[in-house]
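Okay, so here's the structure we're looking at.
Every chain is named by a letter (A, B and C) in the order it is written, and numbering of its residues begins at 1.
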Amino acid sequence: MKSYRKELWFNLPTRRGFVNITPQVEACLQESRIQEGLILVSAMHITASVFINDDESGLHQDYERWLEQLAPHEPTSMYLHNQTGEDNADAHLKRQIMGREVVVAVTAGKLDFGPWEQIFYGEFDGKRKKRVLVKIIGE
Amino acid sequence: MKSYRKELWFNLPTRRGFVNITPQVEACLQESRIQEGLILVSAMHITASVFINDDESGLHQDYERWLEQLAPHEPTSMYLHNQTGEDNADAHLKRQIMGREVVVAVTAGKLDFGPWEQIFYGEFDGKRKKRVLVKIIGE
Amino acid sequence: MKSYRKELWFNLPTRRGFVNITPQVEACLQESRIQEGLILVSAMHITASVFINDDESGLHQDYERWLEQLAPHEPTSMYLHNQTGEDNADAHLKRQIMGREVVVAVTAGKLDFGPWEQIFYGEFDGKRKKRVLVKIIGE
């Protein structure tokens, strides 16, 4: 069994945003030389997500509006977590909706994807350096 | 390390529905002859889910009603994604709640499940052919 | 390839609650002697979750309040599932928001975590014995 590990770093200029990280994950897979196995791509921060969906800007704006309805940022005082001095409680909630991680099959050295699957980094508390972990195991 | 891959195809006659795919996944596992490892079962389409829960029709109707409250199909015009000519923005949101994939342990050649765990395909934009990927790695 | 399996048992005195199970999962990893691979930690019951987030009691109270808003326990009669004699339909919904499982990278014999990641058991229908599965594969 082979294994491979890499960290991807992000620093979004905005509080929230979505970044298509499929090319970086594909580059990791190529570097690993693993042909058959599983890739784990996970947010190393608990106010961010890694998820798979469509690379369509209208949809991303729909996600942004929807997540704000389900777990609004303001008023920040409505969250007990924010009494610790943080203002990011909503980000911890949004990340549970969108998920921490994805596991993707590796087949014949490629991400084994359906027609529209793309991997995104979902930032809910940005303006600082944060990381995503790529771990691949297989042969 | 052994690996195994199979696609399961679905064509639901309705826009939304839940299908218990546990027997098909068990058949894949048997065919793979893998005794110890992990199975990934993932939707290859971004308007569908694979999830684990109870095979109880009342609960499935509760999920349907609940998901419609959280991410209504109509009015379709409220979603920017639908300006692309689609009417399935709600399906992309519902799938994030229910999840894209499950990872299940394989122990002694069986799905290592608790008493009521069953694997479902969750369709949110049906009436067309769509796929689920089963990938197994192990020994 | 090596594999390792263990069940962790819980019996929460309350209907709902969150338990930090990171130390138990770390003990499993040490016992497995696996250095590189993947850990699956999954709820074996369909009214419970395993998720990764922050060990901060204010945040846990925020989750509790938020999940009650999204999927209220009462009135129990609003759920069809509860016509089977259960009163836990809300728990099946809450668990979909919080997730069934996490997959964590194992690197150099450790859980490969960001600065604040901790693994939690999320109980939504407690006061009885329930289980979490830890499965590790790797070398």
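Note that in this section contacts are C-beta pairs under 8 Å (C-beta built on N, C-alpha and C of every residue); 3 or more make two chains touch, one makes a residue touch a chain.
Note that the coordinates shown come from a computational prediction; the quantities given were computed from them, not determined experimentally.
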item: Superposition rotation for subunit A onto subunit C, Cα-based, multiple of 5°; value: 120
item: Same-residue or different-residue interface between subunit A and subunit B, half as cut-off; value: different
item: Whole-Å separation of chain centres (CA-atom averages), subunit A against subunit B; value: 20
item: Where subunit A touches two or more other chains at once, by residue number; value: 1, 38, 70, 97, 99, 103, 137
item: Contact footprint of subunit B on subunit C as seen in their complex; value: 1, 3, 5, 38, 40, 42-46, 70-71, 79-84, 89, 92-93, 95-97, 99-101, 103, 131, 133, 135, 137
item: Contacting residues of subunit C [partner subunit A, same complex]; value: 1, 36-38, 51-54, 56, 58-59, 61-63, 66, 70, 97-99, 102-105, 107, 112-117, 137-139
